[in-house]
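Look for chain A in each of the two complexes below; its partner is chain B in the first and chain C in the second.
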Partner chain A sequence: MRKFWVIFVASISILLPFLCNSFSPEIPTDRRVLVLLDDLAIKSSHSSYFNSLKSRGFDLDFKLADDPKIALQRYGQYLYDALILFCPSVERFGGSIDVASIINFVDSGHDLIVAADVNASDLIREVATECGVDFDEDPSAMVIDHIRYAVSETEGDHTLIASDDLIKSDVILGSKKITAPVLFQGIGHSLNPVNSLVLKVLSTSPSAYSANPKSKLSTPPSLMGSEISLVSVVQARNNARILISGSLSMISNRFFRSGVQKAGSTTKHEKSGNEQFFTELSKWVFHERGHLKAVNVKHHKVGETDEPALYRINDELVYSLEIYEWSGSSWEPYVADNVQVQFYMMSPYVLKTLSNDKKGLYSTSFKVPDVYGVFQFKVEYQKLGYTSLSLAKQIPVRPYRHNEYERFIPTAYPYYGAAFSTMAGFFIFSFVHLYNK
Partner chain B sequence: MGRTSSKEDAGALFHSLRSAYAATPVNLKIIDLYVGFAIFTALIQVVYMAIVGSFPFNSFLSGVLSCFGTAVLAVCLRIQVNKENKEFKDLPPERAFADFVLCNLVLHLVIMNFLG
Partner chain C sequence: MARSLAGFLVLLLVVSICEAASLFQPVSDSHRSAALELFTPDHGSFKSLEETYEALRTFQIFGIEKKPDVTASACRSISETVGSSTSTSKDLFYALKANSIAECKIHETASKGIISSLNAAVSAASSLLDFYYSVGGLVLIKDQSSKDDIHLADAEGVFRSVKAFSQSDGRWRYSSSNPESSAFAAGIALETLAGIVSLASSELDQSLISTLKNDISKLFDSIEKYDDGTLYFDDKLVDGYEYQGPLSITSSVLRGLTAFAAVTTGNIDLPRDKILGLAKFFLGIGVPGDAKDFFYQIDALACLESNRVSIPLILSLSSAVLSLTKKDSLKVRVTTVLGSNAPPLTVKLVGAFSSVSKDASLVESQELKFDQGSGLHILNDLLKSIDVGSYTFVFEVVLQEPEDEKVYVMGSQTKVPIFVTGLVKIENSEIAVLDSDLGSVESQNKLDLTAKNDVSLSANHLQKMRLSFQLTTPRGRAFRPHQAFLKLRHESKVEHIFVVGNSGKQFEIVLNFLGLVEKFFYLSGKYDMELTVGDAAMENSLLVAIGYIELDLPEAPEKAPRPPPQPVDPYSRYGPQAEITHIFRAPEKRPPQELSLAFLGLTILPLLGFFIGLLRLGVNMKNFPTKPIPATFAVLFHVGIGAVLLLYVFFWLKLDLFQTLKVLGFLGVFLVFVGHRILSHLAAASAKLKSA
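On to the complex of A and B.
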């Protein structure tokens, strides 16, 4: 009996570290992903994409969107690190999931992929609107482009679009250029131009518009040209990443494998750019790329090593920090030449670019300005596709003590001389006056 | 009014002042010399400030005030010591000198503090 207990306790203590296998600040890549589907046929028709995710180490949990047993969290803890919604026509989620719980999931820092399609339900549209993306209000509208459509032998309504208007960002789309156009067939959405967090990843040519392909166009379409975005990403202020695509079929095996030929051009690409586009994009969304962390913020006076509690005006100080980028499996030093630090009190008194030593250590030195007060060392780094770094460290700055001023001011030497010569003159004069006969 | 020009009047005035001044006693002339030295030092400082700027203004004020202050005190001494002055007939000159010395001491103490 005793031996049994010993074995039991030993096995628990050995297994316990392996039970904590989830998203954490040390390992930012998501692990467990909940995939909600309209019907399970999507699991096989999009198997190429799911297999690429599984091969990168993700645990995919496939569930029907109206399954009554699905839940994102239990007892206050989230069960998954990311959510994929491949259910464009779901009217109501099952279990304890609804729009509010999805938004809370994202607000707590988790990632989301939403794919809509033709006849997307109001629920999916609402989720997208909460994320900052507005789908076309007409439920049967699709994106049509009569000039830049993809040549295919069957469909003639030009809803299959071949687009190569991709966002120019190596972080989001990978360093290898996507040479073949990306096929798209679905609904378009528009972004609020004031919103700085949402980015158009795949957009259309100016000749595209969003309308119902089966009916005649009676009024001008609501979305036209460059307003339309086909695939967008949102990076929230808490660095959660959301991908919103207007077409579920562009992720299917059929589109991944098909060749593409743009109308009006003779080059026929063997394979569309969809697979590379989505694989790279999901690497970015799931924090395998472009995730930064800043650690070891240090500041001290030039020549010393420990951090003082406050500085004096006109001190020389050194500020340094280390920035690392997650490469998918380890933290690599992040190398950039545009990280800046501000010495800020209501407005930046000093703004300096940090110089790095190529191993992730950024440092600079500057002179404290001639103003006293409570300052902050602020680093606000927002680069397209990277997590935003927002660091602030408060430090007071005191004025000179009464004995830290210059003792003898050279400009004032004539005045010192005049005062002393007056005293000497007075002394001599008093003698002369007294002993004068 | 008169046929003499203003230039001749100025010359005559100057000569009469000079001859009157030559008649003053020596100790008063010494006091006058001291006052002139103090004012001259003050003027040099003012010219210097006009050139360089008033950066340590407290030092400038202290230097100039020491000169003007001691000049004023010397003038007071001269008034009290002058035998032709009816008002101070009964004042012993030693008393006047003692006042002068004490006031100068206070003045220079203040100046040293304000000099920075």
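On to the complex of A and C.
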């Protein structure tokens, strides 16, 4: 019996740091990351990327993708906060992992990074398709650009692309501008146009196309021009984040260190933009940036402080909330000028932009509409790259009571006058009638 | 494991995406900068002596001036380890290894103590690693000190006991109790045995050496191969056992082989292309990002560079892309794996094959000229006979000195993919709208495809559009680019792409709009046109706007396919919405207050008329009772009426209906009573008057 206690206490003390560090709404940054590789050599050839993750405090668990012992969850609890799939050629995952379990993992709010490459397996394509990204179906197709390629001494087939067509979003790519072009060599994908959750982060110039560089084209390529996305991100409605790259080699040390010169341009950059691009992108994917929370949602009548149970039509009210952004280590006030509140019953009756005090407090005041019913205060905040805020608070609105209307209306004075003069006449008449002789 | 190897292969292919003929570059400056980056000491010293050794060794191979603070701190930890009596033979081994490069001073007494303890360890050793560390340590001391008196007492016995671990397939076991054999252990064993041979006081039995050479060739029979010709050693992955990975295993075998070849006199017979395949393996992995892997790679390459079996030579090109316009010349460099110069040799270009038609070589076999200053082999006038396109060049290297043949190894033929680029001439480009039935030209426009065009055309669905141009290579031949697309983009951003076909030099595309109506989703309107012509061999690849065509297509029938949805601009998708303010019900319109007051005055007028009428009639109060009691009742009756009227005023001003009715009830009873009294009094008085 004593032995069991020892084991129990030991296991708790081993697990405790993990339990404390795991993903929570209060500390949204991921901690434990499972990295699935085709080959352990990727660990060394992509070490710059992994080291930058490790130096930011992530606990990386490297496994071969076909390792029979890998699992995402045990006893209904997820063992990891995020998953990195650097295994473009895996045909079947080992252990209990399959496409459905990866999608469930994302559906429960965890993050995913997928890197495909030329000859990516059907399994990886399927994972990408589930995320709203369709890779070129031709297995040997690569993205080719004969105009905006990267000048290279050893490769002349123009599949090494230098792209600087990045998404304009500080929250996704960091506030520091990526000056050097990003090198890419791999397969392109297209995004489903009806899917509003997936975004192109790195796209191509209009002259690019996706085809097999070694065979002549007789039919138009399936992907062409700015339709091609090289790297895309998904921000799901549950704030899970997904990064999908059509190239694994663009994350490698070789591409991180390599210099880059765009065809037709004379400026030669010492270092490609890949390292900065992926470091910043991983900060976003792992919720070190762009994760918002709203607290202290309050509303009250002007001049009061308590929240009433209901409002009367035409009341003046004040609505306020506080929004903070997670900076990776603490919650910082979020400053923006486009947070809007709706006063909503079937459709918005009032939609107003909130003003902020630069310390995270957003507030506005408006007059309750002269329509009674059950309303909602709604904040549906969506901004490119930020997690969405969706707050709703129900509040009834009543009409005027009988004694709250206007009492003496000047227009009615003739009626009053008529009534009172009749009364006065009657009073006089009662004397005249009774006592006149 | 097989799958993970396949993955490794993919990685290799990614690292050198080329055709079957891949090009391997010798170690370059990027390795040097990576070495400094990977081996950065933590607070002036490395974590362990093993790491210190790896860093120092890598710096030594690259000839990087090591930082003095590294050496100083390394020396401190070396002398600590050496001086301590509790150090294991493994610690001593790495301390001595690091010292072989750092060259610190080791105390005489300490070194004596080590020798005795290592000797004791040799005699007590039971596993391969025990032998490896203790024998290795002794060899290092012997090399570092000038003393020649370090010998193994029973070299042959030790040799035999190490040899006992060998297996029939050339691999070795770590200990007699462990049945697993590995190639990694084979490398360690070879290094150990080489140490024993060098420590032996007398010549060892030659039969022992020759069986060992036999073992080595057996080991090389089990070498594994990738598709691109690189070779490596690997072990089976055994559960719960420290698996090393192909890089460290191959590195270990090479180290053992080099050490053993250095101490034996005879020739070790190994297929030379295997050594070359190993060299390609280490060069093919690029720059590892892990310090350990980096050390294995560089150490193995250094072994290849200096071994006695055969030194591989690597052929590399300064540029695989040759430009006709810049008149680039073909420059080839032949070096060892670490980039030092090769012995005198001649490089021949044996053939050049086009990637399209692979049958005949396009050039005569010719020799490249050697340029002493730059160390390059150059062929200048090659490009005169070759057109643009992608080629595979085949090179042959012949060593000038026949003795060098024994030392160096070089692949018989090296295939290298080459791209020859140039300016492609674009001529006779024109665009025209044709009438369908007659084929007569309705409007024709000349185009200049080097600049933006601004053609405006219009057509209906019964007409055709024809775009044509000619492409000629600098040598005057027909050129067929990989990419020749015509793109039509409707105002609604629906795009249609057509491949422009060719016959010889002439490129032509005819769009018959009648057949394309359905494909165009019956969308009439302006279509912008863009032509893209591009190829890897074309230096003037272009993407040029042609102009637009105004199409007049028939109305869509009901079941016509709808155009696909177009992606929404992400920047506008998340923009703030327009503000909504509620429109309040407007208050009812009222007449001006003066009008109300005027009418109020009018309502008073009848009362005034009433008063005037009364005065004119000459009303009097003569009927008022004179007796006190009826007079009291009369007064009370009128006060009561007045009170009721006043109550009505209060009801108007502030009272509600219930309060009013309550008071009115009391007043009513009172009024009935006093009213009855006064009215009956008045009635009686008037009856008395009538009867009288």
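Operating definition for what follows: the second predicted complex is superposed on the first by the 394 of 437 C-alpha atoms of A that agree within 3 Å, B and C clash if a C-alpha of one lies under 4 Å from a C-alpha of the other, contacts with A are read in each partner's own complex, and residues count from 1 in each chain.
The rule we apply is simple: a contact is a pair of C-beta atoms (placed from the backbone, for glycine too) under 8 Å apart; a residue touches a chain by one contact, two chains touch by 3 or more.
All figures in this text were calculated on a predicted structure; none of them were measured in a lab.
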Touched partner set for A:Leu199, first chain B, second chain C, both or neither: second
Touching partner for A:Leu217 - first (chain B), second (chain C), both, neither: second
Which partner, chain B or chain C, touches more chain A residues: C
Partner chain(s) touched by A:Asp357 [first = chain B, second = chain C, both, neither]: neither
Touching partner for A:Ser89 - first (chain B), second (chain C), both, neither: second
Contacts of A:Gly425 with chain B and chain C, given as first, second, both or neither: both
First, second, both or neither for A:Glu404, with chain B first and chain C second: neither
Partner chain(s) touched by A:Tyr416 [first = chain B, second = chain C, both, neither]: both
Intersection of chain A interface sets (partners chain B, chain C): 409, 411-412, 414, 416, 418, 421-423, 425-426, 429-430, 432, 434, 436
Contact set on chain A toward chain B in their complex: 409, 411-412, 414-416, 418-419, 421-423, 425-426, 429-430, 432-434, 436
Interface residues, chain C side, partner chain A - complex: 3-8, 10-11, 14-15, 17-19, 23, 25, 30, 33-34, 245, 247, 285-290, 293, 317-321, 355, 390, 417-419, 421, 480, 482-483, 485, 487, 495, 497-499, 530, 532, 534-538, 541-543, 564-568, 570-571, 573-582, 584-585, 590-591, 593, 596-597, 599-604, 606-607, 610-611, 614, 619-624, 634, 638, 641-642, 645, 648-649, 652, 678-679, 682
List of chain A residues in touch with chain C within their complex: 37-48, 50-51, 64, 66, 87-91, 117-119, 144-147, 152-159, 167-168, 185, 191, 193-194, 196, 199-200, 205-207, 209, 211, 213-214, 216-221, 224-225, 227, 248-249, 252-254, 257, 314, 338, 340, 342-343, 348-353, 366-367, 369-371, 382-384, 409-414, 416-418, 420-432, 434-437
Of all residues in chain B, those that touch chain A in their complex: 26-27, 30-31, 34, 37-38, 41-42, 44-45, 48, 52, 55-56, 59-60, 62-64, 66-67, 70, 74, 77, 97, 100-101, 104, 108, 111-112, 115-116
